[in-house]
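Below: one structure in structure tokens.
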Amino acid sequence: MSTADLPDLAPFEQAAAKRTEATTGGETQLVTPGEPITSNTAFMRGHGTYVEEGVVISALAGVVERINKLVTVRALKARYAGEIGDVVVGRITSLAEKRWRVDLNSRQNGVLALSSINLPGGVQRRKSESDELRMRTFFAEGDLVVAEIQSLYGDGAIAIHTRSLKYGKLRNGTLVTIPPALVQRSRTHFYAIPCGVDVILGLNGYIWVSKHVDPQAIEANPEEVYSNVNDPITAEERTNVARVANCIRALSRQFIHIHDTAIVYAYEASLRFPISDLVTDSVSSEIAMEVRAKLQS
Amino acid sequence: MDRRRVNGPELSVAPLVATVDAEGAVNFVQETPKQAFTPDTKRQDGRSAGDIRPIYLRAGLVNQASGSAYFEQKNTRVTCGVYGPRQNKKAQFNELARLECEIKFTPSSCEKRRALHRDPEEKELANFIAQALSPAVKLDRYPKSTISVYISVIQCDGWWSAVAAAITCASVALIDAGIDMIDSVVAASTLVANPSTVLMDASQSEEDAHPHIDAGVLLVAELPTFKSITHVVQMGKLDINQTTKATEACLEVCAKIHGVVNHYLRESVIQQAEI
Amino acid sequence: MATTGLISPAEINYIREGFAVGIRADGRALRQYREYLLGLDVISHSSGSARCRIGFGTDVLVGVKVEVSNIEPGEVPNRGKVVCNVECSPSTTQNWDSRAADELNNELTQFLHRCLNDYDGIDLEKLCIIPNQSCWILYVDALVLDFGGNLYDTLLMAVRAALFNTRIPKVHIEETGDDGEKEFDVIDDPEEAEPVPGWADVPLAVTLNWANQTYFVDASEMEEHCTDAKLTVTVNKNGHICAIQKSGLGAIPQKVYPEMLTVRIRQEWGVPLALWP
């Protein structure tokens, strides 16, 4: 056996080196816990920092962000910290009295109260005891929901609601999980990508990619909100959903913020590769380069 | 060291057997030489290669259990008790019932004394049996419940035939417990001695005569009416033709065992109706 | 990531329908493996080691240690021993039920034990140093570092690679007396060490997942939740089937079963030549 046949001994090291190459290069200030950020007293300390003898020091490993006088550090990978009004995607984990517990990738469980959902049959119907008994027909363990954060409790628990037709149970697609830091707050979190794919960017890092459904169709048929059955999906729609989902995975692997333009650029760049290759190191870094270049121009 | 019980000696020695050679001299040898099977000889107990040992089956022997069964094939003896469906101990909701399974080879069941606690081998077998039985049980009929299957192998004459017996026995016990089933489960095992002798339902001495190095073992459990395989384990190197041949032989025997099981169940229903 | 084994009916339906049309949720074809990384000699204190990572999910590290052991009375007098252990590291299994993790550890350990002990893969007789006295014992310890589906196949790939990488020291045997008593010295020179006899006959596994009237290979974690039954077939380089094991709670129709046994390792895995001569 010649040495040329031998498998590569260090693919892990190489892969790691390649990734670092791809991620550094911007003019961002990276800090680690205990690293002084500024001693300028004009700055206010924000999340992820603490003050010792007048010096603002980082409490996280991440990127320094300055908004006017406020200095914050954002970690690349942290649990999601919710804010009122955020759009999130969550998974029901258990049922309790008059409420569901929801996994939101946050410090504490999310809570969806029975009174915070639209009951079938009438938007403003009062909830009755029979609704309480039928809770599992609305949402059962494992179901995915898209919802808005209604309020925050002191202990970090998050109350969410689905009292709008755009919120509710998710169907016809697949979930992609990425670090929450890669999703930024924006005007809308519901996007229709031109290739016939809908994307819901949950701020908690859960992203729902599904086939495009006309919003008017949902309004016309509100009874379907709690359906567990998928609509018929064509092979083309299925491949497009898979491609977009893998594009998002590729972008997240290269630490690019996920928003509609980035997804569209990545989709365009991805068309010359087979879908299943998109998540490999070489292809994802190539796509990331193209997306970065397009975003800057 | 188990101090609560009287322990046997650490080492055990097989008894000496007297043999008489051609000159009339008596020799003591450790054991009778184990003979490998050849197609033109009958097997040690007089069976031909495709035969299984006769089956004796009874259901409902354990009063404590919701359902039970006893299964005997000559020196292989297995009992099984089924408890449930009863409510899950954990509060978590589950739409399907949980089928949990335990199998224990009693300490005196095999040639070597077995440990009192469940060893890893038995834990794995329990897994196998649960997987073999699950497709047959209508688990969706019993949300939030657990069905427990406890199997004891009282005597084991052939490891894999004992496992097959345990599966069939457990399925009868489930039926005896009145649990909804889509079909019964029957299992058969075979020893494939190279080059291509398929010994159905091998006994311990046959297993010993063909160590795994030159033979393969195959166990198949199936739903006889639905013609679906619920479990299959093969160990030992076989080429694909041997595997296919052995599988077919197992399925054929499964059909025969199903006949026995079915006949017995019918009889027992008639008996109970008369009482 | 944060999956606790929960999955919604709509997701299950989406994934299963995908099998029927041959487009999987991550865009793969039914008979397509994820990209895998294989590293050799990753633990310097071991006699041989390998790490296999498939996709960005399942990650298995295998270390082999070779030691001299005594052959006890009652054991086969002229064979060496292979002792296997598979453990899912606690860092991967925190989301699971503790019993599920234990069961999986046991299932994998027993499976590996059968794969390496019960047929003529590793040449156990050549691992014997002096019959009735001493033999080599191979400790094969696998650690599951991360989980993303298809553990069986990844495990066997890592084990085969680790055995390929293992070197056993040479021994010098000399007779000490007229009564045939023998002694041996282990030669401490790494240059003199030899490969594991018969490593090339150790099989690789292909797990076929049966779901929605079809079967596919290399299931991701989500796909495993949507699978009815799994059939693990291990095949050695001569195309012989070394072990078959079904797992999962569903049944496989008799009609498709023979077809599922016709797996071809090289086609499925795309194994590097050095590992599959």
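A, B and C are the chain letters, set down in written order, and residue numbers restart from 1 in every chain.
By definition in this document, a residue touches a chain if its C-beta (ideal position, glycine included) is under 8 Å from a C-beta of that chain, and two chains touch if they have at least 3 such contacts.
Given the structure is predicted, the values throughout are model-derived calculations rather than measurements.
Path length between chain A and chain B in the touching-chain graph (shortest route): 1. Look at the CA centroids: the one farthest from the centroid of chain B belongs to A.
Distance from each chain's C-alpha mean to the overall C-alpha mean is smallest for C.
Computed centre separation for the pair chain A/chain B is 51 angstrom, with centres defined by C-alpha atoms. The distance from the centre of chain B to the centre of chain C, with each centre set as the mean of the Cα atoms, comes to 27 Å.
Between the Cα centres of chain A and chain C there is a gap of 35 Å. Contact of a single residue of chain A with at least two other chains is seen at positions 141. Within the complex formed with chain B, the residues of chain C that make contact are 73-74, 103, 106-107, 109-110, 114, 118-120, 229, 231, 236, 239-255, 257-258, 261-262.
Residues of chain A touching chain C in their complex: 1, 5-12, 15, 91-93, 103, 105, 140-144, 169-175, 177, 228-230, 233, 235, 238-239, 241-243, 245-246, 253, 274-280. Chain contact summary for the complex, chain B toward chain A: residues 92-93. Partner chain A is touched in their complex by these residues of chain C: 1-2, 4, 6-11, 13-15, 17-18, 21, 23-29, 32, 34-35, 37-41, 51, 53, 55-56, 161, 272-275, 277.
Chain contact summary for the complex, chain B toward chain C: residues 11, 120-121, 123-124, 127, 130-131, 134-136, 139, 212-213, 216, 218, 222-223, 226-240, 243-244, 247, 251.
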